[in-house]
Structures are given as structure tokens and as C-alpha cells.
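Every chain is named by a letter (A, B, C and D) in the order it is written, and numbering of its residues begins at 1.
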Amino acid sequence: MIWQLDLLILTLVVLCAVATVSVKDLLSSAIIFGTYSFLMCLLWTEMAAVDVAFTEAAVGAGVSTVLFFAAVFRTTRLLKFRPAGRRLAKVLGLAAALGLGGMLFVAEGDFPAWSDPNSPASTHLSPYYLTQTLHDTAVPNVVTSVLADYRGFDTMFETAVIFVAGLAVVALLRRREETGPPELYQVGAGYEDTIIRFIARKMAPFMQLFALYVVAHGHHSPGGGFQGGVILGASFILLAIAFDFRFVFSKMGERANILFGNLGVLIYAGIGFLCLLLGANFLDYSILEKILPATDAVMARSHAMLGVEIGVAIAVMAICISIYLHLASHGRMDKGL
Amino acid sequence: MIDILTVGLVSLGLFSFFSTTVGLLRLPDFYCRMHAAGKGDVFSSVCMLLGFAVYLLHHPTLEMVLTSLKILAISVFIFLASPTATHAIVDAGHASGVMPWLKEKKEEEAP
Amino acid sequence: MDLLVAKYNYWIYVLLMMIGLYTMISKNNLMKKVIGMGIFQTAIIVFYVSIGAKKGAGIPIIAHGHGHDLAAAAVDPSLYVNPLPHVLMLTAIVVGVGTLGVALALCLGIYQRYDSLEEDEILEQLQ
Amino acid sequence: MDGFFLTAGVILLVLMLLTLYRVFFGPTLIDRIMGGNVIGTKTTVLLILIGLLYGRVEMFVDIALAYALLNFIVTVAASRYFQHYKNLTAGGFGFQHRGEGK
């Protein structure tokens, strides 16, 4: 913790939140929300939460703001501004917000001071993880070992939730050409930009290489399946923006994309069931030493974690690409932003 | 020696970011502000990153040298990506019909 | 000053939560409500990560943990921040992208059907 | 040296606060995008600076690299929006070129 930076960043964050809410234009709102996410990333780095910061960096810069742009692109950016209307909702909202805020504010008096080393949250359970992770799994990055091993069951269902979200987007938006909504605007009227295309083409391989590094090196440095998957997805989103959908589909078809999403979740659950088959508990990786050559129980856990991270990365990548393509083309998968 | 170099580079970066900010706030129209932001942003970032990269060579172990190289890679990527972003924004502004600011026409155009 | 530093994070998380809740209830536009949801979500993440912070502690990656001499590794927990909130919030951020995608897809569907994102106009057409 | 880095970080954040003015009030929407882009680049620098303050830069440099690679996607996406909608928004809502020369 660095409290000087903490105070400043938190102040900027609140300013950004107020501006996001009060701006009368959805596109501006999305842009300010992107800036808000930059500041959030700084805040988490400053509180030493490097993995959270990495996730926020990949998500905020690569995916979520672009999703907002795609949605605004397909709907409208105009806000109807009625100063007189919705008085009841405003009063209700203010009352609810003040009530909740007041209660939380009162409860805050009992909290331990920020960054107190002896706070209850830091004295139970977490010392166990910190002291045992090297002994149990030989993974120095405690976040990765807790994520993929100690709390592997939790993470499996988080991956499943992401997968279900992707399915929901497909089910809501995907439609064949004839039944789609009428094309309201002239979209993508032959616009080509050589500079952007060149740079996108040169940057995308570096992004993908870096994403693979992040997935593979997540045991020793911040990173892992979620971050790597989001960066992989972002590289494809960049290609879809700079070129068109046909270019992306020539690299990876729509069907293949959905298959990848399935495959990722399947890899995760499959490793769990493999442990079950070998006679241990679900997701108890140490039993895998029987089938992995030249490993002991500790290294088996480490290697199985890598497998799980790869599954997560594949699933997250496929879902990120799929959500963007569906939103940007309103489910017609022909042309987008 | 390394410390002096770091302090110098980082201070130079801070100063040029300061001038970028002044340009962003004070210049009259979108294209002028873009000029301040595009150049000053890249220059100040690269200066500061170089300063950090030099500072890491205090203890030239393999790990530190690799990190230093990574920081250089970051500055290369900023050098590639930031002008592209600037180009994209200016192009968008031009396409959507933002007129450049002209000093002579100021009185005529004022409603 | 000590009081400010000790409580500022918690004040800000309450403030962000209030902003998010107010936006979700009182704004008329559906997309604005989605943004309010995002702010509410980040408020919760700020709270969790603030709980995990520890004075004088570094990032939760064991230093010199590379290699196989594990017996020598006696780790002092007070040198590393609490990793558990980080794990929970890391997955929450990525799941947040999924929910954001679903919410925006719903917005698109509603806009296609009612030609508006304003709550009161949609309600009018529904009646 | 830590004191110098801390001061540099605080100065950077204060300057970012000034840049945020363009993001919040920038007369045209493109000014906002530009301000966001500048803040994104400076975030990269601040991440490494925080890493130096923690004394373990090798762990923080990956995050900064991710930002350096991904930062311009948002900007390109936003500019593509205007390429497509130029007929709709030219001179339209929130897009007038007002406040010339203040």
C-alpha cells in the first residue's frame, strides 16, 4: 500500500464515476467508463493486487469498453433528456442510496483500519495459503494456486458461468439473414484504412504470443487463464475492428469458436473427472502423478493447474470473441464496428 | 551516474507531460489539441520508460536485464500504437466534419 | 490524517455503491442502468481488495520461489498481502464481462422491438 | 530514490486529474477519446512506477505490457464508430464544434 497514491486515485475514481453517470450521451459515458477502468487498475496495483489489476487491464482496455461501443453502435447514443420527469424514481433512488449508504457508513465504525496487518481477514486462513503453497504445489504465485487448486471447484463454476453467459448471448441475438432486423443505417461503407490495418496485423501476433506467455507463466508471475484468455480474445476483436468479420472467420470460423468454448470447459471438468477415475476426490490433482511421467504429487498439482488454466483460457477467449461479434453485428455475423 | 540519468529522464518526461496537459487544456480546437496530445504523450512516456529501464541496470543480474528489455519493448509498442490511435481519432474527426480553427474567420463565424 | 487514511477506502466504496444504486434506480435509460451496475460491481471489488491490503506487505507472489528447494522455503505471511480476496475478485471481473454481454444483448433485443432504450417509453408501449 | 519516484507518481496523478478535465467536459466527443487515450498511456508508466516502489518490477512489467498492447483497441473502435455514422452525426447532437477559441 502506498497511501499517498491511494488517496489521489480514489478521488479520481469518484470523479470519474460521477461524470459517467451524469453525462448526457451514451458514447461519452462509455468512454469515461473506460477511463474509470484504467484508474481502477491503478488502484489495485497500488494495493498490491497484481492479478486483479492484470485482469482489469485486459478486460477494461480490450473488451468491456469495446462491448459498450458495439452496443451503442447497434442502438442509439442519444439520451432523452427530461428534467421534469421521473421525480418519483429519483426520490426513490436517492432514498435507497442514502439508506444503504447510511447503514454501511454506520457499520464502518467497527471495521479494522485499512491495511491493518492484524485484521481478522488477514489472520485466518490466508496465512495457511501463504505458508503452504510452495510446500503443497510448488507454485510461487499464491493467487494462481488458490484459484486453480485450493478453490478449483469454485473456479470451475465461474468458468461455467462465463460459458453460460456466452450461450445466452448467442441464444438472444443469433439469427439467420432473412429474419433479422432491417438494416437501419449504412454500415461499413467500404471504409479501409491502411495504417490501422497494417498496425493491427503486426500487433495481433504479439498479443497472441504474449497471451500464451501469460497463460504459461501464470505460476511464477501475475497472469493465468483468465487474463490470457481475455488478451487472446482482444487480439481477435482488434482484427475484427480493423479488418472485417470475414477476415476473422478465415482464421477461426464461428462453429470452431463455439467448439472452443465447449472444449475449454470440458478440459477443466475432464481433469476433475480424471482425478475421480483414478480414485481420488474431484479435482484432487495430486493423484495425477500416476499417469503423468516423472512427477511426484507436488509437481502433479502444478502441472494439472497448467492444464486447468489452459482450459479456462480457451473458454474465455471463445466467449469474449463470440459476445463481441454478436453484439457488433446484431446477431447477423456479417459486418460490425 | 545511473541515478542522475534516471532523474534526468523522468524529469524530462514529467515536464513534457506537463506541457502536453497545458496544450490539451489551452489550445483552441480539436486538431491543435490532438497535435499536443499525440506528440507529447508518446515523448513523455518513452522518456520515463527509458529512465526506469536505465534505473533497473543498477544490479545487472539476468532477471533485471530481462525486465529492462521488457520495458524497452513496452516503449516500442507505445511508439507503434499511440500514433496509430492518434491517426484514427484525427481521421474520425475529419470524417465527421469538425472544421479546423481559423484565426481570421473568427469574427465572421461568431453568431 | 491517520483517520482519513484508515477509513478513506471504506468511505469511497460506500460512495461508489451509492452512486451505482442511484443510477440503477433513477436513470431512465437502460444502458445507463447497465453502467450503474458496473459501478456497483467495482464498489464491491474495491471493498474486498481493501480488506486484503496489509501494511508493509508486498504482492502475493512468494519471492525466490522458483525452483525445487522447497524445504528451505519458510514463508513469513506478514510479508505478503492476503491473496484470498484477489482470487474471488479476479473471477468476479471476468464474470462481470459475461453479465455485461448478456445485459447489452438484452438491450439490443429491446431496442429492436420497441425502438427505444428509455424505460418509460417501453412501459407505455407494453401497456 | 523511492522519494523521487513517489513524488513523480503524485505529479503524474495530478496531471492526470487535469487531463480528466478534457475527458469530462471536452466540447466534442473526440476530445474525450483523446483524453482517455492519454490517460491510458500514462497508466502504463504509473504501473511500472508502482512496481519500482514495491521493489519487484519484474512482476508489474507484464501488466504494463498488456496495457501497451491493448490500449489502442478502444480508440480504434471509437473512431470506427464515427467512420460509419458520419452522415448521422455531423453537426448533430453533442457534436457541434462549439466554443471556438473560447
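Here is the rule we go by: a contact is a pair of C-beta atoms (placed from the backbone, for glycine too) under 8 Å apart; a residue touches a chain by one contact, two chains touch by 3 or more.
All values reported here derive from a predicted model rather than from experimental measurement.
Asks: When the contacting C-beta pairs are counted for A-D and for C-D, which pair yields the higher total?
Replies: Of A-D and C-D, it is A-D that has more C-beta pairs in contact.
Asks: Centroid from C-alpha atoms only, then distance subunit C to subunit D, rounded to Å. What do you get?
Replies: 21
Asks: From the mean C-alpha coordinate of subunit B to that of subunit C, what's the distance rounded to whole Å?
Replies: Each chain reduced to its C-alpha mean, subunit B and subunit C end up 30 Å apart.
Asks: From the mean C-alpha coordinate of subunit A to that of subunit B, what's the distance rounded to whole Å?
Replies: Whole-Å distance between the two chain centres: 28.
Asks: At least two partner chains per residue is the criterion; list those residues in subunit D.
Replies: Within subunit D, residues 33, 35, 54, 58-59, 62, 65, 69, 71-72, 76, 78, 80-81, 83, 85 contact more than one other chain.
Asks: Quick check: what residues of subunit C touch more than one other chain, meaning two or more?
Replies: 58-59, 61, 63 - these are the residues of subunit C that touch more than one other chain.
Asks: Could you tell me which residues belong to subunit B and also touch two or more other chains?
Replies: Each of 77, 81, 84, 88, 91 in subunit B touches at least two other chains.
Asks: Please give all chain pairs that are in touch with each other.
Replies: Contacting pairs: A-B, A-C, A-D, B-D, C-D.
Asks: Looking at the complex, which residues from subunit D come into contact with subunit C?
Replies: The contact residues of subunit D facing subunit C are 54-56, 59.
Asks: Which of the residues in subunit B come into contact with subunit D in the complex?
Replies: 3, 6-7, 10, 13-14, 17-18, 20-21, 24-25, 28-30, 33-34, 37, 41-42, 45, 48-49, 52, 55-56, 63-64, 66-67, 70-71, 73-74, 77-78, 81-82, 84-86, 88-89, 91-93, 95-99, 101, 106, 109-110
Asks: Within their complex, state which residues of subunit A touch subunit C.
Replies: Contact set of subunit A toward subunit C: 1, 3, 6-7, 10, 13-14, 17-18, 20-21, 26, 29-30, 33, 36, 40, 43-44, 47-52, 55-56, 59, 63-64, 67-68, 70-72, 74-76, 79-80, 82, 85-86, 89-90, 92-94, 96-98, 100-101, 104-105, 108, 111, 113-117, 119, 121-122, 125-127, 129-131, 133-135, 138-143, 146-147, 151, 154-155, 158, 161-162, 164-166, 168-169, 172-173, 181, 220-222, 226, 230, 298, 316, 319-320, 323, 326-327, 330.
Asks: Given the complex with subunit A, which residues does subunit C contribute to the contact?
Replies: Residues 4-12, 14-29, 31-32, 35-36, 38-39, 42, 45-46, 49-63, 65-66, 68, 70, 73-75, 77-78, 80-87, 89-91, 93-102, 104-109, 111-112, 117-118, 120-121 of subunit C touch subunit A in their complex.
Asks: In their complex, what parts of subunit D are in touch with subunit A?
Replies: These residues of subunit D touch subunit A: 6, 9-10, 13-14, 16-17, 20, 23-24, 29, 32-33, 35-36, 39-40, 43, 46-47, 50-51, 53-54, 58-60, 62-63, 65-67, 69-74, 76-78, 80-81, 83-85, 87-88, 93-94.
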